[in-house]
């Protein structure tokens, strides 16, 4: 990355932070149970930074070391026809959730969505059956790269309940950071239930 | 007041003297700009960019494809200039190629997907080579610089005259001058590039055919915004109005003897990437354009297993009225060809499963696991088989 | 250079991620405004457990990213290859002099062979550096970190030790812009006409020091020097390096 990318990244994160803090505050999520959007519960073992929920994508971002170094995102009650991400470039057509998706297709939808926010070459590395509380779910892992060339690893857990998507998505640089909180994220995913 | 006038005069003179000539000679083979020039600065920035590009995950590193694209550039530009250029195939699903002043050329996979033959790609590469040879980046930079200086001058003049509202005008005039200049350079690149390409023996009519095909594709886009933007290409668009462009190229081609398209070689060199490139294109979720491209390739008749699979993928993801039926038809058709990807059976299985046809799903899933025993989704497919047999 | 970057700020689940081509000039401009509002240097000291070596540390200087521009009358920045070369050489020399005075050896980075892995660590450092910049220099809130500055690149950094078996890696970014005569005249004119300030040049630098055993970022600094300093000249580069190495933890007297 060149200096300008460096400045840009910091600048964007800063503007984003200003933007977010002006609308609602960034708060700490302390260890213990957490209920997200009255729809999903998880058990958190470390202190996370919690960004405000984005209504359009029904999602909330969390991080420990900074969002470029680890991002955990919680999504609950995403309806058919809604995107997982949003962009200001309105010429882009975003991937949208479909309630008749099979869980393997949810993984595809998640990885394609990530490509719109700069994650390139996303590759599914494993897709296994799982439970989201009592609901049938999948757990999947993936790899990808951002434009600078930094490689990322990710893992996610997804279920469809009442025709709506429930998703816990985690990604971090493969070098050092993914492994740093992998156990914590595993525990969070294991503990997740749908209300 | 006199002092202010003097100052204004001084500033005006300084700004005007800063206007650099945009008349530059074509670059010479092996030339490097003098380090004290604006051109060297442009080169240096692109050298830095190139360092990053070389490490980028977006580079298509397939040696055969890179060698092929490079050989086309060398045919058009000649060996000597070719030695001054580095050509990178970049995995971006958009119709584009870029040229930097230091000889860095990017050829995007979206262009290779859309071109129907070597002559069409050659035309774009000839266009980019003209940007390089005629040092268009430098001309453009100087034009921008001069335009922004002039714009600033107008702004200051207006501010000094106390006419705040007029200051926007300066910006607008400067802006359209800048974009107009870009358009002239694009026209020059079109026409001169055409000459290089036809001199290398390529069929001139393919240049207009490429643009026409691109227009046809955009007409099928699901993005109304995109269609509108292309339809109202205005003074601010840097590429010449496409209709004018097509007509000019058509006229030039009609005055030329015919040439080669090298379609067979092109199909051979690019065919094995079609699955990947169409998949990357579908991530854009422009089903109209994706189906246009797949159908065009199906009409060509090569790699039909891959292509029916790709068309089925577009229908599956679009989930429109009747798309589920079209998808299963195409998956089934794909399965009759040797080159159908293993995933074809995975999705045939999914389709049966959705319709409650357990036996159909089981049989397709079993074929899938036989064909792709190490697929990452094996455990999920196996679970269904275990629960239902 | 045929394409023009589009602006997209995109949000995934509340976390901001950005695309390759962003509003370059806007962000750079915002940076400058922020920078000039900041005090001229701001050091981020580590809260990692860190014991400075007594002496004789080997520090590898990662390819310093320097770029100097000509600030045109209308505010356009035109990169100058010759100034950049001079500025980079001046800075290298100043850093060498400054560190040699405290018995440390500075060496330039040479790849040890595993280029892909080295590249990942350099990229990771960029991600970590911009995170520190965002949350510690610009103070965007990050309550999960409390007040700790314990960012690290992890023990994978050992691949950067190279054949000199270096103890630390020093990363450096520097930018400078110097005004044209036209712009200087303009600065006076606009001031007289009662307008706002028109900058006539500036220099900024970021530096960080990474422990090549643990990967911990042991020190991070941002410096900005205003008009009148010029890293194209020896004195100017000396004052910038002095500012950027302020509080550098390996200097004997600062331990």
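The letters A, B and C name the chains in turn, as written, and every chain counts its residues from 1.
Basically, contacts are C-beta pairs under 8 Å (C-beta built on N, C-alpha and C of every residue); 3 or more make two chains touch, one makes a residue touch a chain.
Note that this is a predicted model, so its numbers are computed, not measured.
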Pair joined by the larger number of C-beta contacts - B-C, A-B: B-C
Taking each chain's C-alpha mean as its centre, the one farthest from subunit C: B
Rounded Å distance, subunit A centre to subunit B centre (Cα mean): 30
Euclidean distance of C-alpha centroids - subunit B vs subunit C, Å: 34
Junction residues of subunit A - those touching two or more other chains: 1-2, 92, 147-149, 151
Junction residues of subunit C, two or more chains touched: 65, 67, 119, 123
Touching two or more other chains - residues of subunit B: 48, 55
Interfacial residue positions of subunit C with respect to subunit B in the complex: 1-4, 65, 67, 69-70, 72-76, 78-82, 84-85, 119, 123, 180-183, 185-186, 188-190, 192-193, 195
For the subunit B and subunit A complex, residues of the former touching the latter: 48-49, 52, 55-58, 91, 222-223, 225-226, 229, 283-286, 319, 346, 350, 353-354, 376-377, 379-380, 383
Sites on subunit A touched by subunit B in the complex: 1-2, 90-95, 98, 100, 102-105, 107, 112, 115, 120-121, 124-129, 138, 140, 145, 147-149, 151
Subunit A partner contacts - residues on subunit C that touch it in the complex: 6-20, 22, 24, 27-28, 30-31, 34, 65, 67, 119-121, 123-124, 126-131, 133-135, 138, 140-146, 151-156, 173, 175, 206, 215
Of subunit A, residues touching subunit C in the complex: 1-18, 20-21, 25-29, 46-49, 51-54, 57, 59-69, 71, 73-75, 84-89, 92, 113-114, 116-119, 147-151, 169, 173-177, 180
